[in-house]
Amino acid sequence: MKPIADYTLKEMMTIVAAREVRNNDIVFCGTGISMLAAMAAKKINAPQSVIFFETGAIDSKLEELPLAVGDPRIMYQASCNGGLIDSFTTMQNPITGKHVVGILGAAQIDIYGNLNSTVIGDYNDPDVRFSGSGGACDVASFVPRSLIFMKQEKRKFKRKLDYITSPGYLDGPNGRKKAGLPKGGPYRVITDMGIMGFDKHTKKMYLLGHFPGISPETILQNMEFIIETSNSKEVLPPTLNELKLLRTKCDPHCLIL
Amino acid sequence: MKPIADYTLKEMMTIVAAREVRNNDIVFCGTGISMLAAMAAKKINAPQSVIFFETGAIDSKLEELPLAVGDPRIMYQASCNGGLIDSFTTMQNPITGKHVVGILGAAQIDIYGNLNSTVIGDYNDPDVRFSGSGGACDVASFVPRSLIFMKQEKRKFKRKLDYITSPGYLDGPNGRKKAGLPKGGPYRVITDMGIMGFDKHTKKMYLLGHFPGISPETILQNMEFIIETSNSKEVLPPTLNELKLLRTKCDPHCLIL
Amino acid sequence: MNTNNTKVTNLTDAVKSYVKDGCHLSIGGFTINRNPMAAVYEIIRQKIKNIHLYAHSNGQGVDELIGSKSLTCLEIAYGGSGKFASTCIRFRKAVQDKAIKIEDYSNFQMALRFLAGSMGVPFLPTRSSFGTDIIKKWGFPPEFRKNNAKLPNKKLIELDNPFGNWCDTRKVVLVPAINPDVTIIHVQKADYRGNCRIHGLSFADVEQAKSARHLIITCEELINDDALKNDPDRNQIPFIHADAVVHVPHGAYPTACYGYYDYDPVFLKEYAKIAKNDDKYHLYIQSQILGTLSHEDLMDKVGRDRLKMIAADKKRGYAKGLDRR
Amino acid sequence: MNTNNTKVTNLTDAVKSYVKDGCHLSIGGFTINRNPMAAVYEIIRQKIKNIHLYAHSNGQGVDELIGSKSLTCLEIAYGGSGKFASTCIRFRKAVQDKAIKIEDYSNFQMALRFLAGSMGVPFLPTRSSFGTDIIKKWGFPPEFRKNNAKLPNKKLIELDNPFGNWCDTRKVVLVPAINPDVTIIHVQKADYRGNCRIHGLSFADVEQAKSARHLIITCEELINDDALKNDPDRNQIPFIHADAVVHVPHGAYPTACYGYYDYDPVFLKEYAKIAKNDDKYHLYIQSQILGTLSHEDLMDKVGRDRLKMIAADKKRGYAKGLDRR
């Protein structure tokens, strides 16, 4: 079954992610759909959340959708135009950092939410090179909660990553602590088919919800590893109001959507 | 013999120190006479020297004499109003730091130019407490050359300091290197009786010059330790022009003089 | 920090909510500039005691908190008010009388300690102070530190450069981070959410603000809309760090506030005289501070003429030609 | 750095004087913003080769220096131009073809490395990247580092917290300082002595500038008097760090310069297409870069209409309603 015609999968993903943002969250976001989700959260369900860019802009007035975290649009009507050091130390500082939710994307993810955005293949002789960490490793290291956008594909949900760019729970429940990382870790994975959480005890990914028209089995077929799906529920599709706000207030020119 | 009537000892000290500043020096100064000397240097012999305050102001337009390094007068027409971190890192950074000359004062000094501005007596049960290091320890640690103002008194030129606040050459020629300090160290000591330098090899203080009317012997009588005086020459008194610039352009209201 | 949408309150409530008996406090400003004096006086009025205070080179604020016996411990680089008191007088007395425990650092080290706290790291490295007694002599002995969870176990640590001789540096001194329970700063402009704009030098106020668990801001001008966001390049502290914003004109008096007023040389000279005498000082605290209800009340007592005398020249930011002898 | 009284020069001479074959260079800006493109193109025109480049998250500048085969080594956190090239295309090609040696850090780590260099310390600590391959996998092997005095002996070091568990931190990652031979930044305003005023976000430009042995500044507006000193709170880099100041309007084009112009989406989309094809790219470098004499010449070629299209709205600082699809 195909998704219902009156919304696209990208819209669904954006809105599902936006719903996970809470009022008073400080939302760290990168480019593309993650930036759109942060904007949507502010318009839809968390008006007091604060958008925060790794480049140092806080609470900018986003009249137009930025196309990069270095876009001049984020410098307009910010609370403060700082620099990279200001931004990352705000996350590293546990006093402010505990309020930050990160929205990330990656090329590959494993069952513990570790991410690869650097290379496919051998690091010193790569088949495919991606952009590299950027601030993703830092966010994933520091913040208590992160949302991860992924395409639901076998080559992306990997048993073993070619390169760990950003730490999830590393090798399991005690992984972060053993390695020296602050508490926290990935919270949700949002794909074009469903949404995953991480088990409180095992720290393994599990299926929280499947999108309308997608079965948990279909999702499993599009992953290299197996996750628990028994408690998955169908995710509510975007409401008319959510869609309206997303389309008219966030990306009217379809730059991302 | 008393100093000649047409200048005061404070004026002499200020001008003798000012003469040691070179064009293109970045002059770090504290409050009081050291600030006045920095201003005098700019008016008299080093117009391109740059005055620089530990509070972060660089090249301020000093229309009036500041009475503290936190005086608002230093914030007017500066190149950049930064903060403490900016200021001290400019000295710690060897690229910029190598151009900085520090002007310092202290309660006690020893033969290697180590300074005490913290306590007389036991640190945990002091007879007299002074202001503490402020930025002096940092300047003395970082910069290649510092000028030190001292009153010529036995209790101030000490064989052994009660507390080392700011490092000079520590215990001799290899002292700074052994301790882990960058190169550099004290360059001149300017008192109300004369001016001292430090021997290139032994790093011990020696008498470079005695003020008009003061004999090297008088200077030795006002120190607890003995220094080499054989090459001391009489220091040229302030010229009329130097005095005029000092009195009219630097401290017309006699706030320090 | 909190992300509430308004943090505007009054000074009594702000101090009562965050400055507790025994708390670890840091105050902004430098020597005779932008000390958060209104808040200092309110702390004295509320008789909050046993404070552990952090400052770098603070003059008036530190001296009055010491003089009013509000402190038990002090970590500081420099206690002085420039020409008015090259060593702060009640500070000197208290250290000599062993009335407070004191730990000495250099100015850069104190600034770095706040920076470390604001950055969320346990320490930062410097090349300052090798061979000095700042490293060798500790004001807080190891047992004292061990019994106080709010203190690092060591004053300073020397570390061999783990990157060999990288940057021509054989070793570094590590300074431990400070995360005060509360920081109080006085700024020129703040908005209702706590965005701050400091004019002139920022000293270490930004680092002190960002390292604190709670931040109280007093300000000359309280901006009730989002106007500060029209020029975000000029704002140094975003609202996410703030807990309380209080409108207190002349809130730094008798120290200076660039662009608004100068330090008051009459007050500072008079204070230096009074501070030298225990009885007179006791009387000063009783009448001048405890005898006034608020900073407004205190400013009324100081009088319009004195405030006019120190009013800043708009162009220069200080009071041109002010008699400072 | 130097403390000369005027540093104004032209781009040809500035690049010739400081950017040498094999030098260690860092360029400012971020993804599609304030890359010092005029200087990058001049480097390509002067055919300076074997450059060791440092950047944090740089897009266009890095990609064109790679595409023109000016680099041998690159240390970077992120090579991308946002929507226009989520991974920079010549960058990707060069890494996959092993045409350059690359060392990966996180963005914060690169920023900290410049900060360490600017502060004059050999390293700074962070709590980022534990357990990742950023720590485990080195692009520059130990032997390579050993034979290169301009590189630290190690990529990153894990250190147990010497202050016990202070700040609830068991261990930290140490990142080594960078002190480039030369840094090039493009700013909105600079004066004849090299005082700089950046509008909007500063990225890591200030740290990159202060960590460098030599600093070249290109600027939209060159101020020939001391007017920038009328508002010192807005200046981020004092002149003592600068070596050369060059007036280059549109010096960041095709990337944006806040308050002056937006990025050029037409150029960036076209570039992304060309960059995918080796022959086309070779032709692009030949005609567009080597075929123009200067940035002014290049801007003439781009044409008045395109520049008008991206001109910034005065209030917003970007080109409102610019077609960016």
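The first chain written gets the first letter, and so on, giving A, B, C and D; residue counts start at 1 in each chain.
Everything that follows uses one rule, which is that contacts are C-beta pairs under 8 Å (C-beta built on N, C-alpha and C of every residue); 3 or more make two chains touch, one makes a residue touch a chain.
Treat the numbers as computed from the prediction; the structure is a model and nothing was measured.
Between A-C and A-D, more contacting C-beta pairs join the chains of A-D.
Between the CA-based centres of chain A and chain C the separation comes to 40 Å, rounded to the whole angstrom.
Chain centres here are Cα means. That of chain C falls 37 Å from that of chain D. With centres taken as mean Cα positions, chain C sits 27 Å from chain B. In chain D, the residues that touch at least two other chains are 117, 120-121, 126-127, 167, 172, 179, 200, 233. With touch defined as above, residues shared between interfaces to two or more other chains in chain B number as follows: 57, 75, 81-82, 85, 92, 94, 142.
All chain pairs that count as touching, in label order, are A-C, A-D, B-C, B-D, C-D. Those residues of chain D lying in contact with chain A across their complex are 29-34, 56-57, 59, 76-84, 86-88, 91-92, 95-96, 98, 104-109, 111-112, 115, 126-134, 137, 139, 158, 167-168, 170-173, 200-207, 256, 258, 262-263, 312, 316-318, 320-321, 324-325.
Of all the residues in chain C, the ones that touch chain A in their complex are 1-5, 117-121, 179, 193, 195, 210-213, 226, 228-230, 232-233, 235-241. Per the touch definition, chain B reaches chain D in the complex via residues 24, 26, 48, 50, 57-59, 61, 75, 77-82, 85, 89-97, 99, 142. Within the complex formed with chain C, the residues of chain B that make contact are 31-32, 54-57, 63-64, 66-76, 81-85, 88, 92, 94, 118, 123-138, 141-142, 163-167, 170, 175-176, 179-182, 253-256. Taken together, the chain C residues at the contact with chain D in this complex read 117, 120-127, 152-154, 157, 159, 161-164, 166-167, 169, 172, 174, 176-177, 179, 198-200, 233-234.
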